[in-house]
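The two complexes that follow have subunit A in common; it is paired with subunit B in the first and with subunit C in the second.
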Partner chain A sequence: MATDAHILPLARPAPRGILRSLLLTLPILIWSLLMLFHPGTNTDPKSRIAAALTAIFMTALFFMMMRTRSTYRWRRYFFVSLGILFPIGFIHNLLVMRGFMGIPVEEMIAGRTPFCFMPIPLLILPAAFTRTLVFPGSILGSQHGIAAMVALWLAITLVMGKGWCSYACFFGGIEEGMAAIPPRAKIRKLDTRWRYLPWAVLLAMVLLSLALFEPAYCMWLCPFKAVTEYVAARNALGLVQNAIFVLLFAGLVIMLPLLTKKRTQCSFFCPFGAFQSIFNKTSIFEIKIDPAHCKPCLLCQNACPNLSLSKESIARGETLLSCMKCGACVDVCPRQAIVWHIKGTEIAWKPERARLMFLYAAWAMAVMFGGSIITQGVATILHFLV
Partner chain B sequence: MVECDSVVVCHSSLTHALDDSEHPHMAVFVSYGEALALGLASGPACITACGPVLVPSLLAAHAGFKPHVRYLSVFLAARLVGYMIFAVVAWELGLLASMLPAPRVLLMGAAYVLLASVLFWYAYSVRRSCTQPCADSKLIQIGKSRNCGIAGAASLGFLTGLNLCPPFVAAGVRAAQLGSMAAALLFFFFFFLGTSVWFVPFISLGCIVRNQAVMTVARMAMALIALYYLSLGIAMLLGKKTYGY
Partner chain C sequence: MKISAKLGYTAAGATVLAALLTPFLLMGTFSKGFVALGLQVDEVYTGGPKVRAIPMGAYSINVHRPVYQHFLQSEKPFVQLDWRPVSALPQRVSDAVDVDGDGQPDLRVSFDVPRDPKASLRVDVDSLNPRYQAMRNAGKERYSRLIVRVDNAILVRVPLANP
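For the complex of A and B:
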């Protein structure tokens, strides 16, 4: 095995010129203004300020991606902001609309449960068997409706595959932020068999959802209930459910990322992430490793926040199916052996062009979906402060 | 001529009318045809109820058509035994149709706890290979014996047979209206045949390649499902509400 001393880094590509970077950023600037300002509808001045701040933030990050030719670091600023600001805006919205965070059974029966993307894999089999959606929400609701979320998820997923988990998931940012705090990992050796657990959770939850005719994951195991909309506990069982949510959140989203510097909830638990991995097969974008340039220093394996690289996969010149296309491995490789790649082309075929094509799709989606959530969170803070 | 408002009453009345007439064989035909139809109609509910137990345990079995047919046959046979034992005991106690909700919940709670225990044991032991470097290869072969899953299949099938799911309760109510225990048992047998047809597609899981990933996922899923059944069973035994928070 080669050590770091034996790795001769190739010269890193020079930063792109400012004018050229600005030109490349211009489409994102226009898209941000269109998506975040909602011309003609948004008249609240604080919301306009929030939209302007978000547009500047998103455009500046994209500019830096263009200028520095690196992805992960700038994406992480966006992603952590999304993870922190989503609960702020969402909880505020719940308190304004309903008066409390806990959802009582009456609200569920009335079909007013907000729908997030997590239960999508759990709905498929019951819908196929019975033409019924086992979720107590509204299909065509104006806010958090099932149809809108499913359509958005499908469109994004077909293009980006599991890139959803790095650019759209409004939960993953919390643990990515936690993982960024410590300078180095306290726990370095992780048993890679735990990588199978998300698939097991997916299988168990799909089968239980079909048997119980309810979204079992949302009812029992979702760690993010702790920071969004928990079950209104009216008896011992409700307390047990909430205790499970809080313990999973504290363990998988706070403690383990601090100790391992990895996205542990995504890597070892999230059933939606496992389901999303399947769509890496349909996406045209992927990460490839050029064996001609690679000296297996394993810096990429250590940098991957999702344990999506193994010695075997590096030897094969590819990532594992669970790759979230965050770009950490590409940025850290000292020999530029890891590249963005479009399926059907040669590995060495213009990797920067492949990166640009992916980033335009990913960032356009990030602005539209995540940008709106960030705007809502910033507007909430402005309402409190100003 | 028998007049009735609903299909269920109509079937029941028709059977009794035929019982009293000179065509007992027709009554038998109607009763067991009804049991078969009830089983066929309830099949989807049965496979969804048994799916959390059956799918991961099948995925933990050896790949291929034959091992799956063998596993499923044992599972279903044990399920039939569970049906029959429940029917005999309930008939003798006069509880087949009139079991009160409280003892029914207790019985289901106990069945869930047992099911969880078997699932935990199965998840831990199934196709567990020896990791000791000094172990003899023949010892590893014993651990991978093709018969080691049969006890698991039989236990899981038997315990799911005791699971009082709604179609099973419906069959129990109807069987209680028959004249003898033998007739009730035969009714359950035909009901079982009807539901079993729906289990045949599970054999196709044998086409999935078995590697370390599939085995590990299957075993982890079994443990998770066991955890769910255990908590549900304990809640039922303690008399706590499992829904309606």
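For the complex of A and C:
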């Protein structure tokens, strides 16, 4: 392995001109206005202001991505905002509708439990064997219906593969924000075998969901129940479930990211993330390492928020299957050896073109899905402030 | 440019196009495709399909098909009965219900109807047919054994004794 002295950084690409960056940003501005101001939404002034702020925010971030030619830190502003604002908007909605965060049995029977994407892999086997969905929601329903969320997940997955975890997941931003707080990691050595744990959790939860005929992960292990919608604790069992949610949230989403500067819940626990990894195989966009330029300094490995690079994978010139396409490794590489890549093309042949194509697709999805969530969160804050 | 690179760029372009078409076309198409699969939400939550309604004057009792458990599901088999509309119910309901439609009452179900829609409910069920379990002062302990108010109906679920 090369020491730092051997790493001769290539010249960083110059910032793109302002006019050219503005031109490249223009489609995203139009898209933001189209998505956040479409008819039937934002009827009250606070929601309109929230939508306008969101459109400016998303467009400004994209402009900075164009201008600086870097991705990760601008995407992170969006993603952390999404992670913080989603619970604010969601909890406010719950409090307005039912007065508390717990899911009462009446709401489950009425099919009014909002469906998030987490249970999608858990529904597959019960649906295949019995044509039954093991979730107390409704199949139809414009906002939180199962069909709408599955359709959205499928579309975003087709476009981004596991990029979902960096541009669409409304939970990951909390731990990414936590990981960004400390200047350096207190725990630096992480046993890479923990990377297999999400697959084990996925397998266990899929089989348990089939056997017990309930969304086992949502019932027992989802850390984000602590900040969204917990099980109404009607008995001792409910108390145990809620205690598990809170402990997992405190440990995996707050404490460990602060100590390791990694997205620990995503890296070591999330079964949906493991499931989503499979779709990196079907996505046309990927991250590649150009062996001609790479001196294995391992800066990329250290920068990766979910341990998707290993010495072996770097030697092979590729990321691991769990890569979330966040761009941290690309931005940190001093020799521009790590590049955005379109499958089938030569590595390092016009990587900026590949990055632009990916970013247009990913940011369009981010504005459509995350933008509406951010708008709701901002509107909630405005509701309390103004 | 190699053919593989041409295919790669074509697929990448198609992906960007798919992203732009998502809110206008793909979401609706995928959503309709999912609905067309004909999947149903688990009857433990929905209570199963309604099989008949028993008119009781101003209100009626809907009788649902019995619900049975799948695999290792912890809920017992049950049958759901709905009293609706709540606004037409007397302060105290005590009805003999013919669940299986053979002309003989199978259960006597008794509960108070509080004016406050958020007030907790309690139900007594006397079993007149050994197929159904009696319940005393039951609330909402389990999906298979409960009384709850959902919108404009009061739902009672009675466990089956001999499924």
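To be clear about the criterion, the second predicted complex is superposed on the first by the 383 of 386 C-alpha atoms of A that agree within 3 Å, B and C clash if a C-alpha of one lies under 4 Å from a C-alpha of the other, contacts with A are read in each partner's own complex, and residues count from 1 in each chain.
By our rule, a residue touches a chain if its C-beta (ideal position, glycine included) is under 8 Å from a C-beta of that chain, and two chains touch if they have at least 3 such contacts.
From a predicted model like this one, the values you see are computed outputs, not experimental measurements.
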Practice item. Using the superposition on chain A described above, determine whether A:236 touches subunit B (first), subunit C (second), both, or neither. Key: first
Practice prompt. Answer with first, second, both or neither: which of subunit B and subunit C does A:30 touch in the superposed model?
Written response: neither
Counting residues of subunit A touched by each of subunit B and subunit C, the higher count belongs to C
Between subunit B and subunit C, whom does A:199 touch in the aligned arrangement: first, second, both, or neither? first
For this session: Have a look at where A:210 lands relative to subunit B and subunit C in the superposition and call it first, second, both or neither.
Result: both
- Task: Please work out whether A:105 is in contact with subunit B alone, subunit C alone, both, or neither, and reply first, second, both or neither.
- Result: both
(request) Return first, second, both or neither, reflecting whether A:18 touches subunit B, subunit C, both chains, or no partner chain. (result) neither
Who does A:354 touch here: subunit B (first), subunit C (second), both, or neither?
-> second
For A:255, using the defined touch cut-off, is the partner it touches subunit B, subunit C, both, or neither? Pick first, second, both or neither. neither
Subunit A residues where the subunit B and subunit C footprints coincide 105, 210-211, 234-235
As the complex stands, subunit C meets subunit A at residues 2, 4-9, 11-13, 15-16, 18-20, 22-23, 26-31, 33-35, 37-47, 69-74, 140-141, 143, 146, 148-151, 155
Counting only contacts in the complex, subunit A reaches subunit C at residues 31, 35, 105-106, 108-111, 126-127, 130-140, 146-148, 150-152, 154-156, 158-159, 210-214, 234-235, 283-285, 342-346, 349, 354, 357-358, 360-362, 364-365, 368
Listed in rising order, the residues of subunit A that touch subunit B in the complex are 105, 129, 193, 196-197, 199-201, 203-204, 207-208, 210-211, 216, 220, 231-238, 240-241
Counting only contacts in the complex, subunit B reaches subunit A at residues 44, 48-49, 51-52, 55-56, 59, 213, 216-221, 223-225, 228, 231, 235, 240-242, 244-245
